[in-house]
């Protein structure tokens, strides 16, 4: 994955970049499965590798395929900023519980109830679904509205009406 | 019965109204719907405010699941206050929106515009009432996405790039925020804000928690456009449709400030985090730079919407300055400025909306001679400008008074002086406009301009009037802000 | 009406009047009647308070709470009573004068002019009756803003430039210095009410007293203490009635009035005496007195000369306040009255000359006294009063000031007062002399527009050259200004004389303000 | 360094996050910025998922005979976050398409140049 | 994907046949994921995406116009709204039944049944919205390309 991410930075051909991003998502999905997050992996594969890639390809089809210039002037400050932020995070990780440690606080406070009692309270085997659709169903409602917003937004931005008018403008410009 | 569910009604009424707009698709009907809804919201928020005053904190368990397991809504003085700010601006903006939006937005998209406006308001309200750190993120995104769309809907193509840049910055900010939430969750196992507040003191010296604080703060500072994370704001405000600018300027950054307050004083309140890790020094420094940078750049702007946007940056600096003083006075100064700035900046941007409606431009040069042609509108501008400067009898004075007092109480002389100097800079940029508007003759080519239509004028005068009403009677607002501040700081000392 | 009710009425009535003026703006006669009636009623209202106050009552009225613990409230006490009395009384006279002047001068936008004027008077009364520093500050700012359109009335680039200086200095000093001082006081004491004997005693370190005092005194830009005096000469581009009432009476007196209020009721004379905090400001005031007089001598433009004279005279009052003795305070307070009558007369004369003969520069006034004898006689009377010669009112205030200076052992201030009186003579009397004894210049008609070497006055008069004749009141070879103008200025000149005899009444009336002090 | 192996996976995640972050701020191409945003977000998702993992646990689907489960809550959160992510991406891309139509380019520098001309 | 490629695809017979064959199965799989989410991985969101994928495939192969004929704009647009209505409606229903918002226990006498029903309904809402959203977004992009 690291290699993929690095390749995304270096490669200038946007088509390849997009394909690599899809690959990156797929790899992430694979890792999710390793980490027992099957639902997430499913979604990531469908969305990250599927929908996003298709949309990006669609965008590229409408715009351009190659990145044009280099942005050396920004590279150094950007790198410094990233490194500082990263260092901050690494600093933060130093006090984290070990990976996979079952005694970490994260597994002690809220989660046990979902695992132990959802069977009685909700009655579904898939705890993720129980949490998603019942315990934290309100988040999911919000999520649905996010998607709704995005879809309406895309309609507003590149829906049909505007394009038609735009085309007339272009024609007019071409004439003059 | 229904009073028990007011909190949730506050959110879901506008939320459900948004898809209705999609069904209706008729611009006028959706507008009427949005207006009615926004007034209902205002009524609800005021009722909530009264309830909170009587009964204290109100808790609502969504889905019937108790707090750390489910998501809860939790309204105290502070939220109720922010709710009132957002809904009252919403209630004034929607009537205003009709004409302005018809002029500046493609008519076949108006229904989407109103849906987005409702969603944006819902998102902001959702951020405000929620007691759950992750739920906050979800509503942050609802409001953010709808904001991007709203900004891009104008006819100026620069609105598109502004929206895009905001999208990048905003998403980065939101991602920073959830990174921070994740780190906190890792250390405590909880996502509930109140619960976190209890758990944090035990793990406060963990480096993870410190990193979490840093990430959440940075993420929210992007949203509230604190210097140096403000780059998205001026263009977004300048090139968005006027009515969108009014709404955003008066609400969006305020809610982000609120979220920051929650993080600092509720989540990290138990450990007096401002002192503990010296964030306050950093915040104060940034706030002061914002105050000066914002005002200084504002002086050189030729687009007045942009000028006001930069002035907003400076005003955000005041708010953050007040909050980072970490005293009851300081925090209440910051909180009261939330409201006050919403009134005056909303009013000023409404003036600009009227100007754009009539002359189709927000450039200073094009506004010459408007003082004669649009006397009421321009009079409102002067009044709003005076408030921005902080002249007595205006809300700006109330905030500045409180802020200065807080600074002096701490014995921070230089800061008091800086506050004063920066408000003098406001004199300069407001003055530039007054001069052009009143003292220059209208350009010869321009067709005679009429006064703004009544439907835009009334909301505009309402906001400006409010800026004076609450300037003359600052006790109500100061009292509420003071109580909110006490409840925040009180938990800490 | 009870005294308590009079307060809101007297402040609110000018505002009502302003509204009435706006409504009747289409018909000049009606409009000016409204102004006059309003002015008269306001004066009657204010005057009716006089007895209550001199009987020791302190009528008060609270408008509302602006900030928690801080209300917009009003209390009438002798000092404010005096100031309000002068402002409202002179408003009537100025209105009469204005009618003549504005019509004679064919000014534009007269309705706006009258409205702003009424608002300015309302805020001056607000300042006079203010019960605490915050209220005072509020009206102080309203006064600044409402007079701004008057300063830029003519709309010329010159006027705009002046307006910018005016607003910049007044708003700048008030927000940057005065407001800070007010808030500081509030954080120290928890109150801003004007209290006999002051509120700061024992609440502030002696060293900081002088810092705080400096913030106040320099923050009150309207008192025109150098180096914040530039706005006053700049404001002379305004029509003369404005210069007369506002920039010789209402605005500048609001400034020194505030200085007195702050000295007496915020700091308390005792505190200032004990700490000597005011001394260096007194030196500043003395410097201002002398420098401004010297500058005045060099000005050829009449209104500019009068403006610098005003600056110099205002510093008398500041000096009186800063000497921190009861005599000084009394002298200062009386000087508010005396100077008001004197200076308004001088400005009226300047305006009359401008209306009748279109002269603005002193060097053009040769022999004018023969054409306008009444005007110049009044000018002489007012000059003598300003200089401080008996039998005119000005002598008393100067007398008290000099006594105070001698009393506090500051001989140098006595000297300053003397020298400045001489300078007064030097810059006022030659005008009269020139007008009466020099031969008139050959008639140069209508060249007054561009004879403006000092850049202070550029009153655009757009009437054709022969229309000037209609503005004059001709009897034989006399060419006086319209009767409304001449009547007004004669009346105020009379006032200078009358005040000479009533000075003791004023003094007894003012004495209670020193309650609560030992000195 | 006892904790070295335990933290290593976080560090890898952090490095990826920062690569994404770098792309967003350093690259001038609008599509690539969005790609960077995706990389950044996916990395944050990974961070959540990694902290939800319990050694020896299985996917949180209740079944007889299994006692140890990984923490389901991060999964839920990330499900939501992924959706939000794709919503943002689609909106961003829509904007890019429009920007390309209006400006004829999707390079930051070119657009800045065009805007400064106006 | 290039526009040219897209157009070529519309003429490949094999693709057309295969996809015609495939699309029903994708739809079926989508439905399975929708209803099976309670037990295994999956749920409304994933199902919605898969369901939409079928239409997207159709659009890729047969062109946007044909897809638009099959699924008119108003259907997807209303679908968007209907989906969120279902979700929010469940919440409102619980409100009317006297419980807190989204407390499914109110939906049936037995809390467990209530929870089942509630989860099923909201997952349906999510599925509908996501599916329609994806189709809308895709068509907006693809529709943009044709000159």
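Here are a few things to note about the model shown:
By letter and in written order, the chains are A, B, C, D and E; residue numbering begins at 1 in each of them.
Assume a residue touches a chain if its C-beta (ideal position, glycine included) is under 8 Å from a C-beta of that chain, and two chains touch if they have at least 3 such contacts.
Note that the structure is predicted; figures quoted are calculated from it, not measured.
Touching subunit A and subunit E at once are the following chains: B, D. Among the remaining chains, C is positioned farthest from subunit A, on the basis of C-alpha centroids. When each chain is reduced to the mean of its CA atoms, the one lying nearest the mean of all protein CA atoms is B.
In this assembly, C is the chain whose CA centroid lies farthest from the centroid of subunit B.
The leading chain pair by number of C-beta pairs in contact is A-D. Between the Cα centres of subunit A and subunit D there is a gap of 5 Å. Centres computed as Cα averages put subunit B at a distance of 44 Å from subunit C. In this assembly, the C-alpha centroid of subunit A lies 71 Å from the C-alpha centroid of subunit C.
Subunit D has its Cα centroid 70 Å from the Cα centroid of subunit C.
Multi-chain contact residues of subunit E (touching two or more other chains): 39-41, 45, 77, 80-81, 84, 88, 91, 101-102, 104, 130, 137, 140-141, 144. Those residues of subunit C in touch with two or more other chains do not exist in this structure.
Of all residues in subunit D, those that touch two or more other chains are 17, 21, 34, 51, 59, 61, 73-74, 77, 79-80, 83-84, 87-88, 90-91, 93-98.
By the contact rule set out at the top, the touching chain pairs are A-B, A-D, A-E, B-C, B-D, B-E, D-E. Here subunit D touches subunit B in the complex through residues 17, 21, 24, 30, 33-34, 37, 40-41, 44, 47-48, 51, 73-74, 77, 80-81, 84, 87-88, 91-92, 95-96, 98-99, 102-103, 111, 115, 118, going by the rule given at the top.
The part of subunit B that touches subunit D in the complex is made up of residues 134, 137-138, 141, 145, 148-149, 152, 157-158, 160-161, 163-164, 167-168, 171-172, 175, 178-179, 182, 185-186, 191. Interface residues of subunit D facing subunit A in the complex, by the touch rule stated above, are 3, 5-12, 14-23, 25-29, 31-32, 34-36, 38-39, 42, 45-46, 49-63, 68-80, 82-91, 93-98, 100-101, 105-110. Residue ranges of subunit E in contact with subunit B, taken from their complex: 77-78, 80-81, 84-85, 88, 91-92, 95, 98-105. Partner subunit E is touched in their complex by these residues of subunit D: 59, 61, 79, 83, 90, 93-94, 97.
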